[in-house]
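Look at the two complexes coming up: subunit A is in both, with subunit B in one and subunit C in the other.
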Partner chain A sequence: MNIAESTINGIKVLSLEGVLNAASSPKFKAYLETADHSGPMIINLEQVEFIDSSGLGLLVRLARQKKSANEALKLAKMNDRVKRVFEITQAHSLFDIYDDIQAAAGN
Partner chain B sequence: MNTGSVQTLIVLREEEHAWLQDLFRSRHPMMVTLCNKPFIEYLIDFAILSGSEALRIASDSPITDLENYCGNGSRWGITIDYAHILPEDDRERLLEKNRQFCSRGKTMLIEKTLFVAYDKKNDYRLWLRACPEGVAVSGTSGSITILGNKQENSIPGPIPEPSLPMLLTIGEYYRLADDTLKNADRYILPGYSSEPDCFLGRNVVIQKGAEIRKPVMIGNNVQISAGSIIGPGAIIGSNVIIDRESVVSGSILMDNTFIGEQLEVKGRIADGSLLIDPESGATLQMEDPHLMSAIQPGASTKQIIRRIIHALAALALLIVLALPFLILRPLLGLRRNWHTKKRLFPPGATAKKLTIEQVVIRPEGAYGRLAIALSIDRYPSLFKVLGGKLRLIGHRPAVSSDTSTISSGCIAMNPAVFGYAETEEWPENERDELMVDHYHLLHSGSLNDIGLLLKALLNKKHM
Partner chain C sequence: MMTFRQLPATNTGDHSMTQILSATLKAELKNSRIAANIARSTAEVFAEERHFSGNVQEFGHTFELAVSEAFTNSVNYRDPSIKDITVTIGFEEESNALTASVTDMNAPFNIHPPEPEITEYPEGGFGLLIIWKLMDEVSCSREGQRNALSMKKFISRP
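After this line comes the complex of A and B, so read on.
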């Protein structure tokens, strides 16, 4: 899984690419732990081909951390396959989901 | 902004239409039928008549059944997709979250609305073109708002306007269904109609001596036995059986309903075993399955194979754990570290309930820790897997709560001895566990279940 970092309006945007599953989640988790990722964050899921329950768990944990720090975590540009997992697991009620990164960044 | 295209954004909030949800719990309010057609289809019809090329359904609650029904919209020649919003999202946030969709051109925003009264003979593209930005139609039963480019002034001739009928009670629903049936030429309704006021679905069997009185609408796979009188004003759903010498008039029979012999159903709504008086709103749950009950689908081959595999794996565990159980059980009993808790599953549902007994062992002392590590607490439940009452792995109701948040997806399957959630390290609460259960419920097959079972047995968190 590849992670690309950018900034829009001073908000960190992490663009994930590939598969977010039990095998790749530790890489994403390590990435989140190694650097300072405080502040609001947008995760661009457009290029995520597949997400399983472990990947979902990682996002839920991240959402909880952000919430307890009173910081926003927004998910953007979810493709249909990823959206389906969020629907099945009813995880969508835990996140702010946008169809546009600029809108998520408040532009 | 591209000003050429038109799209429709339908917003569904769980708190809306609660009255309908209370009555027809098994389906989303938008999937409740009016004249054998789900409400959502009337909105799709209107979006198409208004010239929409794309339609998005944004909801703050699960809409799986709606998605399964509408799909990508290819049935209607329109692109349908879905978006999620949060209950607290206001209009501004809603539009922000759907900015990309709304920026394609003129957007028709349909809110709080179950039904739009339209006339299929009208061209609502004219109406939409003439509408200025802002609220176009508004009422107690919802609103239609136009977002995007300004109105065109030079539209010749009269412009047809849609309306939003009052639809806030079961009585209004009943009257709207009757009105829709009587004005059937305005709507696109399902069924074959060779003469006015009479609609017949596929595979309708009307036995000799049965009488059909117009106006009437009959769905697919309906059997009407000899001596029955159907109509006037009867709307019969699909997969319905009306036994001999029964009378159904001025009534709505929803899908999968069985009306027993020599019954008279007048001015009522029947949904499976539920009988509703539309005027008072009073409901009656029929207990006698010979009078009126829902037709239940049978188990599929896949489910049977899965059940067999679960039973074989449970048998293997029973054999392997027999000796540790026989040794540890009396020891734990002596140390008062073997507690059982009985509970009904599913909680709060009207469906057939199953009593499940869960064992609680505290991780105290060597015996307690060893018993938990070996899953001895699950041993008595394994016998129920052999009988098909429990699954070996699946949704395991939490011992500590009443699982009042349990959702229909998990209720659809029997509870399990081991939980899918026990295969993961991350679940912190019952909601997280339900997420994992739901994920695997949809993604796991029979063989995956065995792999997940081993993972659950070895999971440190579980131990």
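After this line comes the complex of A and C, so read on.
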């Protein structure tokens, strides 16, 4: 799994690419724990080809942290396979979800 | 004769293919997080090859996701004191269904855990929930020292 950072309108955008499962989630977990991720954040899921409960759990943890810090966390550009996992677990109810990055950034 | 569009490499050292028959596949994988990718991609390919109507990609994703969850459970709850432990994944096509199985040497577990309370932002507990949501029948049997989790999805034939 690859993680790329960018900024739009002063909001950090994490673009994830590849598979987010038990094999790759330790890398994503380490990335979230070692870098400063304070402030509002958008996660671009367009290039995530597969996610399971391991990856979902990390995103839910991040959502809880952002909620506690009163900071926005938005998900953008979910494909159908990713959306399916969020919907069957009801986890989509925990996130603000947008079809594109610009909308998530408030443009 | 079974044909695959694509199969994961079989000589990575992470697993060994033990049996390939016309409508049955069984593979023994190391109980490791890395092998989860082999389990899920094998499940996806096997299911897509055996689906005859409807959304093939969705059917493949169903098995990819269910097997990924079952395999990850095996990895997460393995006994760390036992080295070189393996997990066996199996697939069997019947006339009206496709069944995937994941067999490990872990302690027995409850396949009916309470659903996670989503409003509490749970990090875990989604694995079996996903399996139950995706599959038509789920069961687990204890065979000696092994758990055999069976997951069946009925197939619509044209």
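By definition in this document, the second predicted complex is superposed on the first by the 107 of 107 C-alpha atoms of A that agree within 3 Å, B and C clash if a C-alpha of one lies under 4 Å from a C-alpha of the other, contacts with A are read in each partner's own complex, and residues count from 1 in each chain.
Note that in this section a contact is a pair of C-beta atoms (placed from the backbone, for glycine too) under 8 Å apart; a residue touches a chain by one contact, two chains touch by 3 or more.
No experiment lies behind these values; they were computed from the predicted model shown.
Enquirer: Regarding the shared-chain residue A:L58, is it in contact with subunit B (first), subunit C (second), both, or neither?
Expert: both
Enquirer: Of the partners subunit B and subunit C, which touch A:Q102 in the superposed model: first, second, both, neither?
Expert: A:Q102 contacts subunit B only, not subunit C.
Enquirer: Where does A:G39 make contact in the superposed view: on subunit B (first), on subunit C (second), on both, or on neither?
Expert: Neither partner.
Enquirer: Once the structures are superposed on A, label A:N21 by its partner contacts, choosing first (subunit B), second (subunit C), both or neither.
Expert: The answer is second: A:N21 touches subunit C but not subunit B.
Enquirer: Give one of first, second, both or neither to describe whether A:S93 is in contact with subunit B, with subunit C, with both, or with none.
Expert: Both subunit B and subunit C are touched by A:S93.
Enquirer: Please work out whether A:K67 is in contact with subunit B alone, subunit C alone, both, or neither, and reply first, second, both or neither.
Expert: Second partner only.
Enquirer: Return first, second, both or neither, reflecting whether A:V85 touches subunit B, subunit C, both chains, or no partner chain.
Expert: In the superposed model, A:V85 contacts both subunit B and subunit C.
Enquirer: If you lay the two complexes on top of each other, which residues of subunit A touch subunit B in one and subunit C in the other?
Expert: The overlap between the subunit B and subunit C interfaces on subunit A comprises residues 52-54, 56-58, 60-61, 64, 85, 88-91, 93.
Enquirer: Quick check: in the complex, which residue numbers of subunit C touch subunit A?
Expert: Spelled out, the residues of subunit C in touch with subunit A are 33-34, 36-37, 40, 58, 61, 64-65, 68-69, 71-72, 75-76, 116, 118-119, 121-124, 126-127, 129-130, 133-134.
Enquirer: Write out the stretch or stretches of subunit B touching subunit A in their complex.
Expert: Its residues touching subunit A are 60-64, 67, 81-86, 96-101, 103, 407, 409, 424-428, 432, 434-436, 438-443.
Enquirer: Spell out the residues on subunit A that touch subunit C in their complex, using ranges where they run on.
Expert: Residues in contact with subunit C: 19, 21-23, 26, 50, 52-54, 56-58, 60-61, 63-64, 67, 81, 84-85, 88-91, 93-94.
Enquirer: Touching subunit B in the complex: which residues of subunit A?
Expert: 52-54, 56-58, 60-61, 64, 80, 83, 85-93, 95-100, 102-104, 106
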